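These notes open a run of structures that come right after.
The following pair of complexes shares a single chain, chain A, combined with chain B in the former and chain C in the latter.
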Partner chain A sequence: MMGGLGWNLIRGWTLLVYVFMFLPVAVVVLLSFNASQFGSFPMTGFSFRWFIELTQNDAILRAFRTSIILGLLTALISTTLGVLASLALVRYRVPGANVISTLLIAPILVPEVVLAVALLLFLNFLSINKSFALLLAGHVIFTLPFVILVVQARLVSIKRDVEEAALSLGANPVQTFFQITLPLMLPAVLAGALFAFTISFDDITGTLFWKPGGVETVPTQIFAMLRNSISPEINALGTVMIVMTVGLPLLGAAIARQMARKSGT
Partner chain B sequence: MSVEAREARQPWILLSPALGAVTLLLFVPLLFILVYSFWLRTATGADLAGFYLDNWQEALSDPFYRDILLGTLRIAAITTLVCALMGYPAAYFIARSRGNKAILLLLLMLPFWISYIIRTMSWINILGVSGGLNTFLIAVGLVDEPIQMLYNQTTVILGLVHFLLPFMVLNIYVSLEGIDTNLEDAANSLGATRWQSFLQVTLPLSLPGLAAGGLLCFVLGAGTYITPLVLGGPRDAMFANLVFEAIITQLNWPLGSALSLMLLVVLGALVLIYNRYLGMAQLMKGLG
Partner chain C sequence: MSSVHLNNIVKRFGNFTAVHPTDLTIPEGDFVTLLGPSGCGKTTNLRMIAGLLDPTEGEILIGGRRMNDVPIHKRNLGIVFQNYALFPHKTVAENVGFGLRYRDVPKSEVPGRVQAALDLVQLPDVGSRYPKALSGGQQQRIALARAIVIEPEVLLLDEPLSALDANLREDMRVELKRIQHQIGVTTVFVTHDQSEALAMSDRIVVMSAGRVEQVGTPEEVYNTPASTFVANFLGASNILPARCIGRDPDKIRLQVPQFGVVPVPGERAPGVGEGAAKLVLRAEKLTLLGDGADATGLITAQATVETVDYQGQTVRYFVRLGDTPLQAINMIDTRPFAAGSTVTIGFRPQDCAALQGE
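The block that comes next holds the complex of A and B.
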């Protein structure tokens, strides 16, 4: 019954929308294998040259190191704060839970530029200058809402019965948390951490305000390189980033499915 | 302490680190820039604490700021409209398709994981002077010289649509998915044509998702400064670019504070109006 001209038009339109979303990205990946010394068409041959050049570019390697350390620390702190808060909101009847949720989500309701300015100027007032610490504080605060949303959504589906069974069989609350609750929560915790890492790794809007001079993350490094036309190295760097930020979640999802299957048997 | 009292305290202990972080790193800083916006940056570069209206007077009465604010809202509105027109049929297709829904949804999520700066700069490969489109046009002989297609307001809107479209599609999809298809069938069996039942049943029921997607596109679009820097020309600055200029380039922090707050008030008002009529729950559905 879904046949007909209208449905085919919608199908065609959807196809075009997907092409629009993915064609430019696909071109980045394609051009990163271009042997030509210009980061543009025509393709003159297939080559890994630009990926090899990336590994010899100190500025880019430094940017990668900064981004990865920043992303890991952000994920660690943000996930810890987010998991604790989610537990409180899901497991307890907190008076004013709606207001608290809104407060915790606030960092994504405030435009990131405004958040960036406020944090920069306030911490500067407290004599904390542009530094790695400021960068970390900023990344934690705007990834926190995403972690809370993701973890909360997953936590709701874990039944309390199992914990209550452990408690009634004589485990104390701390034992119960570490041996029952935490393993059950692990997929949610990992999903939150992965989300925080990826958002931190991709961020540029706040990072340009907070980063100290001379420190670059991968996105700000790409941005700086764009100032002089587009080089093939940028396309190669883009490809590496796409593989990282798309590959990691897919890997994470696969591991989560594996874990779920194991615990299911 | 009684057991009940301890029970009642536990959630607050769990919440306090997150609430503390949000308070210290967001709410207090916002209050701080409110105070700061009344200070004065003197010619020597020192801040004069006090209650001066100069920054606000400049931000509110200078036609330069007003024009760029209006221009920014216009760009955000066009972007939102284009996202809605492009996104609605796609969301409808995903929601109503049978076989490949999982793949379509996975593909829809993928752009969220691909860096914003990469997606923005990817258009240079397509539209640049030696980009794909110019290479193609010259190869087929339609033009002799490459056309300058980049660095104008249209490419800024194009970049924003490319960045924001997944937010729109996802939100509309979530609300379409929540509609009982029996309602549409009922309308059809009562004699409505497919188009009528869509217009009178499905479309109105999906409006909350459309509104949530629209709000996200508008607010995120109006707050950007990277897209105009990468895909816009020198005259395509948006309001957030002015904030960046004032804070990072001119180091006029009191003025930058006033401009930031102006942006916050305009966009915050939209969020509040949305919250008043539709509530935050709809927005969270699409994000979570």
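The block that comes next holds the complex of A and C.
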């Protein structure tokens, strides 16, 4: 075994790093239930007051709706494109498959700011104005790699001979896809969709660059509110965001596991 | 049920030729085995018949109909894969019934036909289970049921038994043959296991390096190998250079340096003319004789036992006759001969075959 002191130092340090990362989050959640006017310690009592106020703030509700619609559309488009791209790359011999694959994954590797500015410059060059569609396109571009990575990994593990068996039994390629391939990769497809939704839902960098005037998502709304004052409402909003972005993937994972258990895959 | 014809089929992958020009006729209702070592093109041939690979050249006919441009899902073939390839997300009954959904089978008849297929493979009670809850042997039976329930024109099996353990493999071999016999479907079976091929087939197609070496009944390929390759691949053979020194009406006489003149039955020496030839002496037909054993009708010689490989009921001897190493596989009921001893070896000339020499 390794010497005690060295390990203890590493252990202590790791603990500190986690505390540093998660303490602020804990503080936000805690303060969102604070009854006091001021979003700071000491807490004066426990209340849902700020959550109720959230539901009466039009700007926030609008931002929320925008975020949800944007997230859902991003998930839908990204997942569809991601599934099709994965199928093409894994199941068919596409010329230049490696290059295409790298290009599709690239947005993960490029810093988001660079990607954001690049897309903006490109649209300027084409003299296209900022719009919701552009914002959506941006979100699709940088969520797509996640979907492709997850779906591809799953698709590789689905044996080709299962599909061949379906074909030999008389199912045409489309029927084979919907009867065999899609159900078998469904957990990955759902996971990809959840990824896309959550990433889109809490993205701020790209969104700040791409959103047209007057449109706010939840993160940009929080950002805008912070410029005025630190209202306890922000803490409540933060808590809601945390619940959504942590809870959704957990829920998704649970559903996927349930499905996998039932089908025995 | 239909016959299968391959007319001058060639398959190339890039500039590698996996199947050289091949002609093959598989008669209706026959159980035909493609047998050969790994990489000889068995799977490639099977996949071309299935429609999973396009032949580079040549024609494939099933039931007299040209199939080259017919996609797999319109060919009505039953395929059994090496690793079963059951649909893991469907129950056994759904697996077996899968092919019926794409045929004009009234919905009300489906459960009955699925059950009949499950009965045929002797697993009547597993319909509601998922494949994961079955053993390997059971999964393979379900895969077979799924392939035959659609009443395919041809049943194609690619090493279906190789994933099973030895005992189960023997059982399944018998079972598979029984089922095939019962439904009488034309069957193409791929294996590299010669005993499997000999036991099950009506006809064996021995392949080597993308070419057909010989087509014949198990007895034919075993007793009258058409090439050195076939003689060596099916069981162990001793192949000795010889000269054909004469042809009688029903015999040819071979001059073999180690044994003198060996008269080989004419029907087991097709195409052997005067001149260079080879004597094929199966290891099972070469006997080590104890003291006082009856040697009438045998051609004998003195040899030294080099290695003894004891296998239970049989013993495999490696003996040396002068400079020539020979193999003998003998049944024994007493103790085997010891390594190093000098023994008389003998064989009946009518058990030999002959090949054209180089």
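The working rule: the second predicted complex is superposed on the first by the 246 of 265 C-alpha atoms of A that agree within 3 Å, B and C clash if a C-alpha of one lies under 4 Å from a C-alpha of the other, contacts with A are read in each partner's own complex, and residues count from 1 in each chain.
Following the convention adopted for this analysis, a contact is a pair of C-beta atoms (placed from the backbone, for glycine too) under 8 Å apart; a residue touches a chain by one contact, two chains touch by 3 or more.
The structure presented is a predicted model; accordingly, all values stated were derived computationally and were not measured.
Room for both chain B and chain C is found when the two structures are superposed via chain A, with no clash between them.
Contact with neither chain B nor chain C is seen for A:L5 once the two complexes are overlaid on the shared chain. By the document's definition of touching, of the two partners only chain C reaches A:P183; chain B does not.
Once chain A of one complex is fitted onto chain A of the other, the partner contacts of A:D161 are limited to chain C, with no touch recorded for chain B.
The wider contact with chain A, measured as residues touched, comes from B rather than the other of chain B and chain C. Touch criterion met: A:F125 reaches chain B, while chain C stays clear of it.
Once the two complexes are laid on top of each other via chain A, the angle at chain A between chain B and chain C, using C-alpha centres, comes to 100°, given in steps of 10.
Of the two partner chains placed by superposition, only chain C is touched by A:Q175; chain B is not. Minimum Cα-Cα distance between chain B and chain C in the superposed model: 7 Å.
Looking at the complex, you find that chain A touches chain B at residues 2, 4, 6, 9-11, 13-14, 17-18, 20-25, 27-28, 31, 38-42, 80-82, 84-85, 87-89, 91-92, 94, 100-115, 117-123, 125, 137-138, 140-141, 144, 146, 148-150, 152-153, 198, 201-202, 204-205, 208-209, 218-219, 222-223, 226, 230, 234-235, 238, 241-242, 245-246, 249. Across the complex, chain A is touched by residues 50, 52, 71-79, 81, 83, 85-89, 98-99, 101-103, 130-133, 143, 146-147, 150 of chain C.
Residues 159, 161-162, 164-173, 175-176, 179-180, 183-184, 263-265 of chain A touch chain C in their complex. Listing the residues of chain B that touch chain A in their complex gives 7, 10-12, 14-15, 17-19, 21-22, 25-30, 32-33, 36, 86-87, 89-90, 92-94, 96, 104, 107, 110-111, 113-119, 121-126, 128, 130-132, 135, 162, 165-166, 169, 194-195, 219, 222-226, 229-230, 240, 243-244, 247-248, 253, 256-257, 260-261, 263-264, 267-268, 271, 280, 284, 287-288.
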